[in-house]
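Heads up, the next two complexes both have chain A, just with different partners, chain B and then chain C.
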Partner chain A sequence: MTAAWLRRLLLLAFALFITLPLVMVLLEAFGSDWFGTAMLPAHWTLRWFVWAAQTVDLVDVMLNTVEIALLATVFTLAIALPAAWAIARYRLPLKPVLIGAILFPRMIPEITFALGVARIFYAIHLTNTAVGIGMAHVILAAPFSVVVLVSSFEGMDPRLLEAGAVLGCGPLSLFRRVTLPLALPGIVAAALFSFLASYNDFVLTLMVYGSDTVTLPVQTYLSLGNGYLSVASAISTILLVPSLLFLLGMLRMVNPETLLGGLKGA
Partner chain B sequence: MTEVRLALEGIGKNWGRLAALTDISLKVPRGMFLSLLGPSGCGKTTLLRVIAGTLAPDGGRVMVDGADVTRVPTHRRNMGMVFQSFALFPHLSVADNVAFPLQVRGVARAEERERVSEALRMVHLDPLAGRFPRELSGGQQQRVGLARAIVYQPTILLLDEPLSNLDASLREEMRLEISQVTRQLDITAIYVTHDQREALALSDAIAVMNHGRIVQFGSPEAIYRSPADDFVARFVGYANAIPVRIAQGCVRIEDGGCALATPHVGLEGAATAFIHASAVVLKAEMSDGPNRLLCTVVDTAFMGDHVEYVLRQEVGLQLKARTPVDVPVFARNAVVAAFLPPEKLIIVPRT
Partner chain C sequence: MSVAAYPAPAGAARTRIVRARLREIVIGGLLTCPLLLFLAAAFYYPLAYTIGESLTPEKGTGWTLKNYAGFLGSRDGLGVLALTLWLALAATLLSLVLSLPLALYLRRRFFGRRALQFLMMLPITIPALVGALGLVILYDRTGWINVVLLKLHVIGAPLRIDYTIHGLILFYVWMFFPYGALVIMSGLGTIDPALEEAGRVMGASPFVVFRRVLLPLVRGSLWAGGVMIFLQCFGAFSVPLLAGGDYLPLGVKIYRVANVFLDWPQASAMAVVMGIIQAGLVIAYQRAGRARHLS
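Then we have the complex of A and B:
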C-alpha cells in the first residue's frame, strides 16, 4: 500500500519536474501582476495575447512556421524513405558508416552546424527563403526519421510480400496494397517528428532567417529581446498548441512502442 | 488418361555450388493431391517456390496446362498458397484478407462478398469475418489462410508445411479440414511436408525427396509397402533397420550370421531389412518359429493402448517392438523371443 503510494508520488514528482517550466510559461502568458515569490499571478488576463497580435504579424509568422515545417517534412521524407528502405532491405557495404553519417549532425552542437549552413546559404542566397530553411531543417529531422523508418521496414515480414505476389499483386499493386499500409505507422511517425523538429527549431532558423521568414520560435526570442516577457510567453503558448495536438494524436494513432522500438533499433 | 495440370521438366537450382534441386521431373494430373515429402533441406520448399514463381530455376521448365510458365511472374500464375507462417495481412480483417485476391483481380463487389462468405463458410469461420488476424488462434489463422488461397479458384493450390506451426492437438483437425476442402473443390494440390503421417493420410501420390532429387514417386500405399531404398524406408517410419548380406538368395544378418527367411529377394550383397515395430512379435523365451531372435528387454514403456519395447539381441543388434496391451508384458532385463514374420520384412538395397 505505502509502496504503491510512494511510486505514485515519485511519478507525480517526475511529471511535475518535466512540466513545471511549461506551467510557468502558461502562468506568465495568462497572468498579470505576478511578482517576486508569489505562487500564482494576482490577476488573469488575455491582454498579452492581444498585445502579441498588435505588435507582431502573428498570422504571417504562423504561416511561415507551418510552411517551413511542411517543406522540411516533404524534403525529409523524400530523403529518408529511400535511405531507410535501402538500409533495411539491402546488404550495403559500409552500412554502419552510412548510419553514422546520417546520425552525425544530431550529435554535434546545433550552433556549429548552423554556422556552416549559414556560410553556405549566404554564398548561394538561400537565406530568408522558406525552401532554404526547410532544407536546413532536414538535418534535424532526417536522423530520427531514418531510424524510425528502418525499424518499420525491418519489421515487415518479407513473406507477406511474397504472399501478396502469389495472390496476384504486381509490383505496383503490391506496394499500394501491402507495403504501404504496413509501413504507414512508421511513415506517419516520421512525418510528425519531421514536422515538429522543424516547427520547434530555433538555433538553425536563427542563423538563416530574414524578415520574410520569421518563425514562432524566432519571434518569441525577438519579443523577449524587446523586453516583453509576457508577450514572449503568449507567443510561446501559441507555439505549443500544435505540438500538444500532435502528441495527443500520435498517442492515439501510433502505438508509442513503435517509436521506442525505433529508438532501440538505432 | 486425365489431363496433366502441372508438369516439371528437368528443374535444376543451385545455391552457389550447392545443388538445391537436381533434374526434377514429374507430372501432376488435374485434381491430384501430391505431397513432396522429405527432411528439411531436401529441396521440397525450394521446388514449391519454383512452382509458385517466387524463385526462378537455373534450368528446366514449369508447365501449367501445357503452357510454359517458367518465365511468368508469380502474380500472373494464378496459384493459391498456404504458408507455414500463415502470412495473413495484419492490417486487414479476416474478410478483407480473404477478399484480397478477389480485389486484386477486380471482381465485382457483390460477387466478392458472396465468394468470401462462401469460402469462410467452407472453413467454418463465417462468424469471425470481422476479426483481425491477431485476435485469432493459430488454427483459425491457418483456416483463414486456406480460405484466402482457394477463394479465387487458383489453378493449383500450394501448401507449404501448413500444419507445422500448429499445436499437435490442432494438427489433425486442420489436416481433416484441408482434406475435405481440397476434395470438395477437386483442386490440384501440392503439399510440402516432412511428416510422413500427414503425407500418407492426405495424398493421392507422394514424391519423396532427398538431397534435391525425387527418390521415389508413387501412391502412399506403394511408398509405404515397398520403399525404394533405405532412406525412404526410414523416412516413412520403419523403426527397425537390420543390416544384412545376401549371397545366392540367402539373407543373413550381418555380424549375427543368422539367416532370415524372406518372401522374395532379387538382390545380392549388402542390403537392409526393414520391419515395423508393430510387426515384431514377442513371445516367451522357449517359443519356436521362423526368424526367431533371442533378445533382452532393455526398456519398456506403457503407452496406454500399446507397449513399446527396446530389445537387444545377443550380438548387439537393437530392435524396437510395439505390442498390444492384452498380450503378456515383459519386464526389463527379461529374455524374450522376437519373431520377424517373413511376410512383414522388406529388403532394400543399401545406399
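Then we have the complex of A and C:
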C-alpha cells in the first residue's frame, strides 16, 4: 500500500517537474502585480497581450511567423517530395552517399551553419525577407521530411499500383486514385513537421531576421532583453499553441517514439 | 548457380535492359536534383564559406590558423569547450538516471499512462525558448520552488538556481531527457516478456531480474538514448542563452563572438570545431552501432 502511494507521489512529482515551467509562463502572461514570494499574481488580466499588440506589433509578428512557416512548408514539400519518391522507388547509384548528404544538416548544431547562412544570405539580400528566412528554415525541415516521406513511399504496396494500371487507370488517374491516397498520411506528417520546425525556430531566424521579419520566438527574446518579462510570456503563450495542438493530435494517432527524429530543441 | 542456368540476355534484350536502367538513373537524378541543388546552395556553400572564413585573418587577406589557435590554444577557449562538454555529460547521466525508472514504469498499463507520455513529449515539442523562460521563472529566487521550500522550512534562505552551473544542468535535464526516455521505452518494448517471466519463475528477485535480464538487453538503447541526449545538450542554445548568466557554452559563445564582437573569423573557427565534434560523435556512434549489429 505504501509502495503504491510512494510511486504515485513520484509520478506526481515528475508531472509537476515537467509542467510547472509552462504554468509559470501562463501565470506571468495572464497575471499582473505578481511580486515577491506570492504564489499567484494579485490580478488576472489580458493587459500584456494588448500591450504586445500595441508596442511590438504582435499581429504583424504573428502574420510574419505564419507566412514564413507556410513558405517553408510549401518549399520543403516541393523539393522533398520528388527526391523522396526517387529514393524510395528507384535504384540509384551511390544512394547511401545521397542520403548522407541530405541528412547531414541534422547532424551538426544549428548555430554552426547559421553563421554561414547569415553571411551568404546577407550578401545576396535574403536576410530580412520572408522568402529568405523561409528558405533558411527549409534546411531544417527538408532532411526530416525526406525521412518521413521515404518511409511512407517505401511502405506502399507496388501491387496496388499494378492492379490500378491493369484495371485501366491512366497514369494521371492512377496517381489521383491510388498513389496520392496511399501517400497522403506521410505527406501530411511531413507538412506538419515542416510548419512546426519553421514556426518554432529561433537560432537560424535570430541570425537572418530583420526589422520587417521579426517572428514570435525572436520577439519573445527581444522583449525579454528589454526587460518585459510579462510581455515575453504573453508572446510565448501564443507561440506555444501550434506545438500543443500538434502534440495532442499526434498522440491520438501514433506512438511517441516515432516522432523522435523530427523534434529538435536548441 | 541459378544465374548460370539462364543464358545472359544478349542483343536487343540487353540493349533494352541497359536503356531502362539508364532511364531510371536519369529520372531518379532529375527528381533528387532540386533538393540537392537547394542544399548545395543554402547549406553546403555557406558551410564551406564558414570553413574558409575560419582560415582567414580578421583583417587583411591570406590564410592563417590563428583563429583556431586563439580558440583551442587559450585558457578562455578551452574553458568554454570544457564547460560545454561537462554540462552535456552531467546532464546526460542525470537524464538517464531519470529516464530508466520512468521507462520501466511506463511499460505497465495504468490510468493516466497516456497523459504521462504526453507530458514527456512536452519539453521537446514546444519551442526551447519558451521552456527556458518558464524554467528561469520557476527556479528564480522568488519562484515557486524557492517559495514552497521556504514555507516548508526545508531551506532557510532562497537557493540560487538560475544562472548557476547546477541550474543549467537541471534545465538541460528538463529539456532533453525525453530523447533518452523515448529511446529506452522503445528498446524495452522489443524485449520478450517471457525472458523476465523465466527469470522470476527461476526464483530471481525483481532487482536480480532487472540486473541480470533487463539491463543487459536494454544496454544498447541506454547508449543510443545517452548519445541522443548528449548531442542535444552539446548543441543547446536557448537554455544557456536565457539561463546561463556568466556561463557561456559553445553555442552561445559563438553567437556572442559573431553578433556582438563581430569577429566572424573567430566565431567561424569555433563553429567549425563544434561541428566537427558533433558530426564526429554521430559518425562514431553509427559505426559502433553497425559493428554491434554485425557481431
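By definition in this document, the second predicted complex is superposed on the first by the 214 of 266 C-alpha atoms of A that agree within 3 Å, B and C clash if a C-alpha of one lies under 4 Å from a C-alpha of the other, contacts with A are read in each partner's own complex, and residues count from 1 in each chain.
Keep in mind that, in the parts below, a residue touches a chain if its C-beta (ideal position, glycine included) is under 8 Å from a C-beta of that chain, and two chains touch if they have at least 3 such contacts.
Keep in mind it's a predicted model, so treat the numbers as computed, not measured.
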> More residues of chain A are touched by which partner: chain B or chain C?
Replying inline: C
>> Quick one: is A:146 in contact with chain B, with chain C, with both, or with neither? Answer first, second, both or neither.
In response: second
> Which partner does A:168 reach: the first (chain B), the second (chain C), both, or neither?
Replying inline: first
>> If we overlay the two complexes on their shared chain A, which of chain B and chain C does A:157 touch? Say first, second, both or neither.
In response: first
>> According to the stated criteria, A:78 is in contact with first (chain B), second (chain C), both, or neither; which is it?
In response: second
>> For A:177, using the defined touch cut-off, is the partner it touches chain B, chain C, both, or neither? Pick first, second, both or neither.
In response: first
> So, A:50: does it touch chain B (first), chain C (second), both, or neither?
Replying inline: neither
> Given the touch rule stated above, what does A:9 touch, chain B (first), chain C (second), both, or neither?
Replying inline: neither
> Shared contact residues on chain A for chain B and chain C?
Replying inline: none
> Which residues of chain A touch chain C in the complex?
Replying inline: 7, 11, 14-15, 17-25, 28, 35-37, 39, 78-80, 82-83, 85-87, 90-93, 98, 101-102, 104-105, 107-113, 115-121, 135-136, 138-139, 142, 146, 200, 202-203, 206-207, 217, 220-221, 224, 229, 232-233, 236, 239-240, 243-244, 246-248, 251, 255-257, 259-260, 263-266
> Which residues, counting only chain A, touch chain B once they are in their complex?
Replying inline: 157, 159-160, 162-170, 173-174, 177-178, 181-182
> Which of the residues in chain C come into contact with chain A in the complex?
Replying inline: 21, 24-25, 27-29, 31-32, 34-36, 38-39, 42-43, 45-50, 53, 102, 105, 112, 114, 116-131, 133-135, 137-138, 142-144, 147, 150, 174-176, 179, 182-183, 185-186, 189, 228, 232, 234-238, 241-242, 251, 254-255, 258-259, 264, 267-268, 271-272, 274-275, 278-279, 282-283
>> Looking at the complex, which residues from chain B come into contact with chain A?
In response: 52-54, 73-81, 83, 85, 87, 89-91, 100-101, 103-105, 148, 152, 158
